[in-house]
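Next up: some structures, all given as structure tokens.
Paired with chain B in one complex and with chain C in the other, chain A is shared by the two complexes that follow.
Up next is the complex of A and B:
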């Protein structure tokens, strides 16, 4: 028997009840629509991009005997042509070798040299190794700068600075700068590092531009993490005779570290994902050599690099959309999305793990 | 007798730190550490200050350069020729009206009368003859404009070449090569003398303009017959429009007569030409215009589309997750939405090009979606495509902040409402949402800030056509291709010469974005602080 219908305060069916459940359903649909859209983007890119990577495994002669031609090779031009009634798609190096061989064969047989009329698609063959390397270099360098400067500033602001009008103004300025569009940071980096300091389009200019872009985020988040450590921890330590620095080192930083770590990982995701700031400060459309294959050590810092986000921009806007180019377009997007998602997911998981750890 | 045992009093135990503090340059270790952290903070602040400084430094001289740009436009007589050009362009607009009319008539013949294309075209022979005469009437004016335009461009080119030589000479002098500097020939351009070649043609133009007016009046006096009443009404409207157009001729002549190439261009004009300029035209053989309005309206249009999608979804989801969802749902949904926010914008832009743009174009052709404004459309990349993707970018921001705001509503509010017998729906709509409204509004504002500063999606998907969207088209404006402030910087910054007026113009656009972002942040913070709930 249904006991709830007899209960005085139980919800009874009626127009109000129906309206309530209708509204709840509308909200529910809105929520799941967002999730569906977001996950569809993920699914589409994984579905069409993963085969590029998975099909590119190849065996090699030397250790480690297996490689991935998409992940570990440089981009090449793709040539599509019909030769002796057979359709071929070859990367630039293979195409040249093939043409030389065929011409030599024809010459040996005393026939006229065969004609090749390929349709070419730039960057559509080969892989994205230089872009992965460039992105990793950009992220590591800029996060090193941003974290050392940002965490130290946050320690000062939260532990040492008195609450003066000036400090409040600094906080406000930092908070506001966090909302400035990334392209504006790109403009700033271009004007200051590329032109004024004459670093040209270089890894160094990219490091500083990206570092300054995330600096406000790192400072704000680190300060928040430091502030959330209870005052009693500091007072207790100071009362026992520890110096200020000892207090911070032993009693504040260890407890604030999880928060700082989370925020910095989010910063990494942001740095890795942004394209606009590096478009004219650090990114080359194409660079034949890897960043460390340089004549002078200085060239490592003063030359641009290829970067995954910029490569996606180039391959999606500068070459046509068709079956031949889809491989590299989706493949690059897949690898990039994978890297960024991995970073973001680790930050979210880490935070959820550490959230319940310290209770005070 | 000496005291038996006189022990000296034991020294009082000292709690003071015995060890001398290590000092570097007169500072204790702690002071050094404090100095280190303080120094870092100072560096950070200086850096953040530098951003503003450099944007201003690069952008500030734009307005002076634009003033020069506009004065050359006037001095070389390009402005004078543009009077005639405007007249010509209005005529072109009228011819477009005629072609639209022809299309309607043709459709009528084919659909209502069931004629084949060739027959329908034959029916419109008299109309074609009429339209042909109408569009040919402008020829004398066009010829005159083209001749005068050549003269004006020649003056401008000479002036600019001369400026370049002056610069070259200054550089040589600075490099300590006075002889070579002296060898650079300069010329003094007698604008007054040169401009006479233009202004002297005024009587010629007056004559041509008069003949043009007579010709137009004559042509439109005998309109061709058209099949339906509706089309005949349109012809009458066309006659009216032409009459209005002809009526503007004397004013044009008056303006040309009053035109003075020596009239100074005020500094404020350079400013208004940027803020209210309706054209962004660069690397043109005629005249470069740096008007931010097309870019600003484009940014605004795309952002509005994005917010229209994102605000209901984001706020709805925030209410659902905080108030209605089960704990298991909450645990799953919140990280997922955060995860969505991690999708890099360039990937979304690529998705727009590869999937969404094509999908929307196909969808716009479906019968049952024909009611949607602007459907069907042919351009794959337009404001709608970009707006949808930007909506997906704004949703996580709005969701997270709005959910926070709702979460911060004191529990007592909810409990009191239930205690008074309100239903769950009443509590949400009347109590919780109003209490969290300030937070929700600031969430929406920050979402707007996120969207308006987004670059890659609009650069890849908005269509990049530099023109003010045609708002007269009503809601179907959303399917037009647009260009945006962020997009133009990303697109053109790599190609400009540093220090040129174009380069500086892009910095001023950047400054504008900077201030818009600051304003949005400021307002959002103000709203939160102003309407903070205080319980007590």
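Up next is the complex of A and C:
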């Protein structure tokens, strides 16, 4: 081993070398910075939000004997008051029951009715069950619409359409649609579905608005997925006397499905998280009925729902802030993250399963 | 540029095929007359006249871009899939029916005219599903019948003994040569009359090539085979007739023996003796 640096391949330090390693470090630091910011956001939400959920476990009389008041109850106003020198925090329902009981007790004892002067905080008690339900309904419905329309259109564009100027124009328009701000989709949905179709603020209007918002992503990604299926599979199938649709259905679409699902994962995260498109079209600030508590089946589609992102928006910017609302904000954000993670994880698992089945 | 130079020999050679094919007593299955074929504005085939005999192996040879694959893909209208392609003049008749006629359904045509591709393309399904694909899309779902066809086709493609224990494993797990024979088995499963082979051995090693060539010998008892090949040895080994194409024109078509031993056209001679191409 020659330790002196006189041999042919010895390193030659110099400004070029230093610049080389500096560039690598800049890239590395930038990446880690992003990672750190992301982790900070997640950690903050989990740190402040998890206790809200975890402290809300309560026992119930009947099956399943345990519940979580934050996850499975509707939001309520919180009343804080002093009773017999003790600070009490009660949700609206509990507070009314408590007051009735106290008044009755006083009346029975022949005493004057006690006076309560609670400080009230809206949304600070109870939970977010209607928001969870509403968000899940919005996601499922809009993804169903977006996937059926989007995959149909992607199949047309990639398999049937000839490469004409008009088709190229359609593609460009779809790509541009992806860049439109979500509030514009919200206004479009409001004008089109809520007012023009007279659907009012409803699940249906929200579904279509959200679906239109993710359609560009779904179409573009599905088209890519279809294009990545080797041409040989199509030719081989056609050469065996299959029709075009048979070929697509049996020998193209199944192999493109993992890619299409990947795109729908992105879509789900966006649909679940968007506030702007639903604030005019589907979201209620508060609603005391759950979506399935309707008189006619048809009414189901024409009711507004509460939704997690909109709830966060309302609680954190539309009402006076205090420690009680902060608890709800972070709790909701935590649950919301959890739901998105859950949906994404199940899609990824499904995708990997399919991908394992069709490999070439 | 070389139109002028090749026009004269072209006419001379064109006089040959009908007479030679008549002389050997083979019946004509595919009759191509005055075929002009275009990719958009670019003409790819010029005035092709060719009679392909029944139950024989016909080889198309010629340098790259000479139009041999294009002609092959005309025979089952695979070119329909490419935008802007058109047969501008002439006819292709299979058993007397013009396959570019207005009443012809390319789907029905392709059931009768199977194709094996240059790059083996088994579907990412099991071997069994690969073979039964063609029948299933025709609506055959009878298990016994499908089983029969799978065995018969795999035996026909000399693949049965190698894969009979793993019919339900992916076709992509096979070696390159086995994959190509699987594609042949898949093609014969739908019982076509004609099998088109587009350079079926160009991606195979010599041993796998030999197996496919043996297979071609067996298959010609039942099927009419048209094979496009870059390998002149292959054409010489496994075909009965050979057509030599150059720059989109049919230069010479004759008994394979004559093309290689005694070509009439100087261009053919130059090509088969390796002087250009």
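What we mean here is this: the second predicted complex is superposed on the first by the 314 of 360 C-alpha atoms of A that agree within 3 Å, B and C clash if a C-alpha of one lies under 4 Å from a C-alpha of the other, contacts with A are read in each partner's own complex, and residues count from 1 in each chain.
Everything that follows uses one rule, which is that contacts are C-beta pairs under 8 Å (C-beta built on N, C-alpha and C of every residue); 3 or more make two chains touch, one makes a residue touch a chain.
Worth saying up front: this structure is predicted, and the values here are computed from it rather than measured.
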Practice problem: Of the two partners chain B and chain C, indicate the one touching more residues belonging to chain A. | Solution: B
Quiz prompt | Which superposed partner A:71 touches (first chain B, second chain C, both, neither) | solution = neither
Quiz item: Touching A:243 in the superposition: chain B (first), chain C (second), both, neither?
Solution: both
Quiz item: Which holds for A:16: it touches chain B only (first), chain C only (second), both, or neither?
Solution: first
Quiz prompt | Partner chain in contact with A:232 - chain B first, chain C second, else both or neither | solution = second
Practice problem: Mind working out whether A:196 is in touch with chain B, chain C, both or neither, as first, second, both or neither? | Solution: first
Quiz prompt | On chain A, the residue positions that both chain B and chain C contact, one per complex | solution = 243
Quiz item: Where on chain A does chain C make contact in their complex?
Solution: 162-163, 230, 232-243, 246, 250-251, 255, 358-360
Self-check item: Residue ranges of chain C in contact with chain A within the complex
Solution: 76, 78, 81, 83, 107-108, 110-111, 114-115, 117, 119, 121-124, 133-134, 137-138, 170, 172, 183, 186-187, 190
Quiz prompt | Of chain B, residues touching chain A in the complex | solution = 29-30, 33-34, 36-38, 40-41, 43-45, 47-48, 50-51, 54-55, 57-58, 312-314, 316-317, 319-321, 324-325, 333, 335-340, 342-351, 353-355, 392, 395, 399, 423-425, 428, 446, 449, 452-456, 459-460, 486, 489-490, 493-494, 498, 506-507, 510, 513-514, 517-518, 520-522, 525
Exercise. Name, in rising order, each residue of chain A that touches chain B in their complex.
Key: 16-17, 19-20, 23-24, 26-28, 30-31, 33-35, 37-39, 41-42, 44-45, 148-150, 152-153, 155-157, 159-161, 170, 173-177, 179-188, 190-192, 195-196, 212, 215-216, 219, 243-245, 269, 272-276, 279-280, 309-310, 312-313, 316-317, 321, 326, 329-330, 333, 336-337, 340-341, 343-345, 348, 352
